[in-house]
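What follows is a group of structures, each given as structure tokens.
Both complexes below contain chain A, partnered by chain B and then by chain C.
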Partner chain A sequence: MLPPVDLLALLGPVLLVVVGALVTLVTEPFLLRKDKHAFLPWIGVSFLAMAGVALHFAPPGEFGGMFALDAWRGALMGALFLVAAIGLAALQQNLRSDDFPGGEPYVLILLATVGVALMLMASHFIALFLGMEIASLAIYPMVGLRRDHKGSEEAVLKYFSLGAVFSAVFLLGVAMIYGATGSLNFASVLIGPRLGIFLLGYALVTVGLLFKLGVVPFHFWSPDAYAGAPSGVVSFMAGAVKLGAVAVLANLWSSHFFGFALLYTGQTVPGVHYPPAPLGVSYPLLGVGAFPEKILVLRAWQFVFVYGGLASVVIGSLALLGQTSIRRMMAYSGVANAGFMALALGIFVKHADARYALFYVVVYALGTTGVLATLSALSGRGDLQDDMTALAGAGRKRPLMGLALSILLASVAGLPFTAGFVAKFQLLAALFTDGRIGIDALGLILPQAMVKQAGILFPLVPVVALVCALVSVAGYFRLVVAVWSEPGTRSKEVEAPSLLLSATLVLAMLAVLALAIQPRAIGF
Partner chain B sequence: MIEQIYFAIFAAVAVGCALGVLVSRHPIHGAMSLIGVMVALSGVYSLMASPFLATLQILVYAGAIMMLVIFVIMVLNSAKDSSTPRFDLHAMVGVFPALAIGAVITRLIVAWDAKDGQAVADAMAKVPAERGTVDAISKVLFGGRETSGWAILFLAVGLLLLTAIVGAVLLAKRRLDKAPADPTPAHGGHG
Partner chain C sequence: MLFWPVVAVSLAGAAGAVFARNLVYAALSLGACLTGLAGLYLFLQAEYIAVVQMIVYVGGILILILFGVMFSRDVLGRSTPPSLGAKILGGLAASAVLVSAGRLAWIISNLPGTGLAATRSPTQTWEGQIASHSQNHLGELLLNGWLAPFLVVAMLLTVVLVAALGLVRKDAT
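Take a look at the complex of A and B:
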């Protein structure tokens, strides 16, 4: 359990980003059109840097049962601030080459960062929902930034309407959980006979979050939304939203399972809740409750995470092979990696060990944000050269961007010497160690006797995941080869990356390489 | 007793108006029926000793949201449309969720027994009696250190609205900026 701490100390980093957003917002009208893209991102990044420093000194603890900060939440938030800085830089590159007339997108990136930070810190449903909505409402208009471009309207319409529907689904689930527990805190105690309504609510909340994560079968929006949005916006949302969603799913699972277990210890007072526990740490009583539905609940969520995850890995890895648009390819890569994260959450459900999921999402967020940020420099005005043939030779003209793309893409693919390798290797090793996870997850459908006797026939889940991970490397490799190959007939002049973009991408590369050597630095 | 009579009235109005939403041909009539549902629900909330929620129900739903719905109907000129059939094959998609929710509610009613009711009533008796009033809510929001988490969330709502405004400005301003260069509207007449 986390100790209560002062509000300002706890929320200080987030408040600094809020101040950054407000300063950017009020500075914007006073700048000349050509100066907007030169100054505003720097204001935002300097506040993000201050927030990062404040985060370093922020004490672990909780406030009012609503917000909490601990080692993992701190690591995720640090990654979020770096993702936001890269996003600002990539958006600067986009908007400058598009000659965009306003500076509001920078404000929206900072506000979305605040929203995701609230999601990460939340241990209360209202705080979580507000964070989610601040992030979503900031990202929707940015997806539709280029409304005169082909595909942009489709992207924003699909993303907005589906996002609104799933927000409503999430909220309905929250209402049911409130009805079942009498409290909106994550770790609240069930009122006796309201078990069914609680489980239904929990299912709806999880569906709402799986949509944010983009796990099959809730992934249909992502290729179209990614392909229609500016690459800078895609780079930010691909990393930030997944950071928030994975943290919340892990947090909810451990907290709620705890409240569920408490039902059988005879505590059924509505409105009672427990202080938030550190993220990734199960509540002390988690293993205690030998209650009848324990197996059922575990199996149900294992099934969702393991088989939803496996389907995402298969569909994402195979679909990314055939894409020519880089943003579309990275969207399917996002689906595949969201699948790996869901598999890691399946391990969390079974073994109460969230490290695999949390480390994976940090590494993935840095990698994918960086790759898409290089694209904002390489694909030119309006992201029109966003395909394999047009990008041919781009790396030779801009070696730093090519290098960043190669290293970060290697990390997304999970090749050795990058943090992505550590994340994927550890996850697959954990899956192989527990070869029964796939069979056990089927316990809801198959008869118990069959599941018990099945033994470790064949570690289906990890083998399929491993094969898909290897197959997807081929798709990523095509892009790296294209970027370093001879310039083709369709390649054009590549604009110079801004100083901010180069600097943030170097930071991302260093982070990805450093985490490969020392994953313990963020608690893995 | 008087409460039950009032409940019967509000319930009848709510169900009647909900049917009105379903069967009325004219979109405006449907919207007006929906306002009836909202007002009747607000009456039910007051019966459940939640005057704050009842007021908000009227202010937010019957006032703001339904006004917006009617505004949209007017803007889209569909107020004149009374020829589109209200039920077709697409509308049948809605039958399944309706049946599912109906099944859940029926199941809950059938499964209800007095013992459960007593357990819930006992549990609810431990909740502080004063809730749902404006007093209680203002104390929760601004009542000092131990509850000030809610005040922060209240501020976060402000941030949410700011985000929505900035987003709206972003989507709208671009049009104005483009207007001098390209006087002909790019995307049709209105919207």
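Take a look at the complex of A and C:
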């Protein structure tokens, strides 16, 4: 359990980002149009850096059962601040080449960062929903930033309407959980006979979060939203939203199970809530108690995470092979990697070990944000050269961008010597260690005798995931080859990356290489 | 004694909002209707909700509606007869709302200890059930446990404002 701490101390890092957003907002009108893009991102990044320093000194603890901060939440938030800095730099590159008249998008990135940071810290449904909506409402207009592009309208319409629907689904689930527990805290205890409505509410909440994560079958928005949005915006949202969604899913599951365990061990009165526990730490009671619904609940959520994740891995890995648009390819890569995160959450559900999911999402967020940020420099004005053939030779003209793209893409693909390899290798190793993962979950839909038979078969889930991971490398390799090949007839002049973009990408590369050597640095 | 005049004001305001041909008059009648509702809340001993109704709906949202009407110059001062389709759709929607609200009122008034059932039995009163100090209680909640979300809601409003600003900005070249 986390100790109660002062609100200002707890929210200090987030408040610094808020102040950064407000300073950016009030400075913007006083700057000339060309100066806006030169100065505003620097204001934002300097406040993000200050928030990072403040995060280092922030005390672990909780306030009023609403927000909490601990080691993993701190690591995820640090990654979030770096992702936001890269996103600001990439957006600067986009807006400068578009000659965008205003500076609001920088403010919106900072506010979306605040939203995701609140999602990470939330241990209460109201706090979580507010964080989610702050992030979403700031990202929607950024997706539709290029109103003159046709794909942009499609992107924002799809993302906004689907996002609104799934927010409503999420809220309906929250209402049902409130009805079943009498409390909006994550770690609240079920009122005995209301198990059915609780599980239904929990399922709806999970669906709302899986949509944010982009797991099959809730992934349809992502290729269109990615392809229609400016690459800077895509780079930010691809990393930040997944950070928030995975943290919340892990946090909710452990708290939810805690409530069950308490109820069935008879240690508590229903309708009471408990102070939040550190993220990724299994509650002491998690293994305790052979209560009747344990098997059912475990199987149901294993089924959702393992098979949803496996479907995402397969569909994402295969679909990314055929893409020519790089943003579309990274969208399917996001689907595949969200699948791996869901598999890691499946491990969390079964073995109460959240490290695989949390480490994976940190590494993936840094990698994908960096790759898409290089694209903002390489694909030119209006991201019009967002195409494998148009990008030919871009790396030779801008070696730093080419290098960043290669290294970070290698991390996303999971090639050795990058943190992505560590994340994927450990995850697959854990899946192979428990070869029966997913097979037990089949007991939900198949008779027990058949499940026993299936146990003799090969470990289906890890083998399929491994094959897909290897196959997808071919798709990523095409992009790296294109970037370093001879300039083709379609390739045009590549603009110079801004100082901020180069600096933040170097930081991301260093982080990805350092985490490969020392994953323990963030608790893995 | 004041009850029926307040009801009359609410109903007349509602009727005015629906039947007025001029949008400005319609908006002003809506204001009368909302003010009447605030009076009804007072009769229900929900002082806090009455005050919020005046501040938020009459003071805030109605002014926004008036702004909206007055800024759209094409509509101002012109009567706008609704089309047949709009009449049918509006009628259907209104009757659906009326039926469900009536059903809800019926259910609530038949619950033990509330509504008409409570007023019929003199032993059960509303005092104590609805705390007459509800605003104090609300204030305490708002500034203790719910302080953090309360602050975050302000952030949400900022986000919405900036987002709206970003969306409507002219693409001047």
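As a working rule, the second predicted complex is superposed on the first by the 511 of 524 C-alpha atoms of A that agree within 3 Å, B and C clash if a C-alpha of one lies under 4 Å from a C-alpha of the other, contacts with A are read in each partner's own complex, and residues count from 1 in each chain.
Heads up, the rule we're going with is that a contact is a pair of C-beta atoms (placed from the backbone, for glycine too) under 8 Å apart; a residue touches a chain by one contact, two chains touch by 3 or more.
Everything quoted here is computed from the prediction, not taken from an experiment.
Of the two partner chains, chain B is the only one touched by A:182; chain C is not. Residue contacts after overlaying the shared chain place A:114 against chain B and chain C alike.
When the two complexes are overlaid on their common chain A, residue A:191 makes contact with chain B while staying clear of chain C. Of the two partner chains, neither chain B nor chain C is touched by A:393.
After overlaying the two complexes on the shared chain, residue contacts for A:20 are found with neither chain B nor chain C. Annotation: chain A residues 7, 11, 18, 25, 63-67, 101-102, 104-105, 107-108, 111-112, 114-115, 118, 124, 126-127, 130-131, 133-134, 137-138, 140-142, 144-145, 147-148 touch chain B in one complex and chain C in the other. By the touch criterion given at the top, residues 7, 11, 18, 21-22, 25, 63-67, 99, 101-102, 104-105, 107-108, 111-112, 114-115, 118, 124, 126-127, 130-131, 133-134, 137-138, 140-142, 144-145, 147-148 of chain A touch chain C in their complex.
Touching chain B in their complex are the following residues of chain A: 7, 11, 18, 25, 63-67, 101-102, 104-105, 107-108, 111-112, 114-115, 118, 124, 126-127, 130-131, 133-134, 137-138, 140-142, 144-145, 147-148, 182, 191-194, 200, 268-271. Interface residues of chain B facing chain A in the complex, by the touch rule stated above, are 104, 116, 119-120, 123-124, 126-127, 146-150, 152-153, 156-157, 159-160, 162-164, 166-171, 173-174, 177, 186. By the touch criterion stated above, chain C contacts chain A in their complex at residues 144-149, 152-153, 155-156, 158-160, 162-167, 169-173.
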